[in-house]
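Just so it is clear, A, B and C label the chains in written order, and each chain counts residues from 1 on its own.
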């Protein structure tokens, strides 16, 4: 059983955070809320999302897992205006999801969860550097890097206490640096890793520009990025595997 | 002889209402105003438009018919700002239309009316159900139906006194219902017909979102939709033939 | 040596004025400011631009010429918000240009000036007619002409004291006329020349809609257009060669 009412904004932020990486996902329905974990087909980018029951106007479930085509559900959610409420109700018999918005009622076929790519385990890394910055700074770094390269290095200057982004193209380079004063928080530590820009661009699409993003970084290690959705009643963690650095 | 001045907004609303169905049309010039009737090449969608002489700033004609390439005339009308006036003047000798907007003067070649597809007779149907609703509700229904199907059923629930829209896709469905309270007016009667969504999407483009639309419906019958343009000094009627329902 | 700080708006207006005609250009660095002259590959459209040292927040150079890929530098300049400052600094050794915007630092490879098409001499023509008009009127004329033709005639009616634009298509024509009252200034004189609309459309993209444009015209002669950028601390001159008139 699953019957919940949620604001269009919250539902869309939730779905968008996952759909930048995968087309389909499993949604775990628990007493505490919903949980989604997914990894892209190349096993490079992962997402771990939790949306608490408190993020919903009303929330009832006796547990279970449903498989969802994200772009279809996003289309349905897109029918609602920003302030509107969306009711989601699982029809156990037909394995369809009823989506209600005002007078509008959609029925969405669910996907057999067993047919969806297995969920990843997000490794519990102890990364030496920690940076907290605004989403718009990630946007700025990613956009600048994209002008010159398809790779991006993220790192921390331990001496100068600064977070930096480096992108080296064939002829042109970009370097973006945020000192302690430009950052919300910084725990300096050895960190420098190279990433595929395509993944970071996709994740950047779902990162709210006005949110605080907590980044964990290491030396040729994955980067983790955490941010809140639903005014703190939900969290998203992205993890992106590094590329092997070529010299 | 034809010499008229009309606001850019009114001319554009008039032309757009017809151009969603056909590329060329005949414009009847009469003492009372202009009239356009047209049917799409497949004989499925029809439009009947009347723009009264009172909708014009000034209007003079001794009658006649002119043939117009709608997209060309729309381009010329598009040169005017929203509040500006457009003067239309027929040059009888060259069979060209002079279009004047402020200092700008365009000359538009007319089309021989005899070369334009014959005008349809809009049958005088006595349809059992009548629904009056806002244009934005048609937009909402059409957009929702378009997510799942290329057909759309329009009907009236006589018991519940509600207008409904149904679209059934291969896996997903949409149902949109407006009760008596959500409608401006309702005359309940047996009505359920299936239509091609493409036509309704085209008509929807020209239907003002904030206008009252009067819909007449029947059981496997065409739908008629009436609305005003030019603040009531003009009316548009669309008629759309039903598709044969497959079971 | 070259080290300058300039507002993003000014730099962008400067680059856009030139990039509508060419992909690469030489920038002359002088005590008085920067100068750019360029001609398109077909030798039809020319630009002559001057941006005074006073247009910069700070400006230092000991002279020289740098070769620039305009779209790359425009991309870098595009990273700045409208009000932001951009620092440009030449690295003499690497022949690269450092571009700094807030924490963001880009390095742009310059082009060997000798590999860039030779700069044109803008002939010092004594054209008989002079028209001063608003940029938005040029936009209006070009947009209207574009509906019917790929050529455009610019001329002056000496009797009626009016500037006119004529475009003749296969079936439709456009005529746009601005009398003395619609113009900021007019020195009437024999003038009528035909131009390729493509070039004028490109130049129109860079002409500020709210600026005063001074046009010099003759009888089958090039047209010159002058306008200010950087609030008068810079000027742009376009010159466009006429097409041979076919009868």
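We adopt the following convention: contacts are C-beta pairs under 8 Å (C-beta built on N, C-alpha and C of every residue); 3 or more make two chains touch, one makes a residue touch a chain.
Going by UniProt, the chains are A, B, C = DNA polymerase sliding clamp.
Fair warning: this is a prediction, and the values are worked out from it, not measured in the lab.
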Go through the assembly and pull out the chains touching subunit A as well as subunit C. B
Superposing rotation of subunit A relative to subunit B, computed on C-alpha atoms, to nearest 5°: 120
When centres are defined as mean Cα positions, the distance from subunit B to subunit C in whole Å is 45
Residues of subunit A whose C-beta touches two or more other chains: none
Touching residues of subunit A toward subunit C in the complex: what are they? 140, 143-144, 147-148, 171-179, 182
Spell out the residues on subunit B that touch subunit C in their complex, using ranges where they run on. 72, 75-76, 79, 103-109
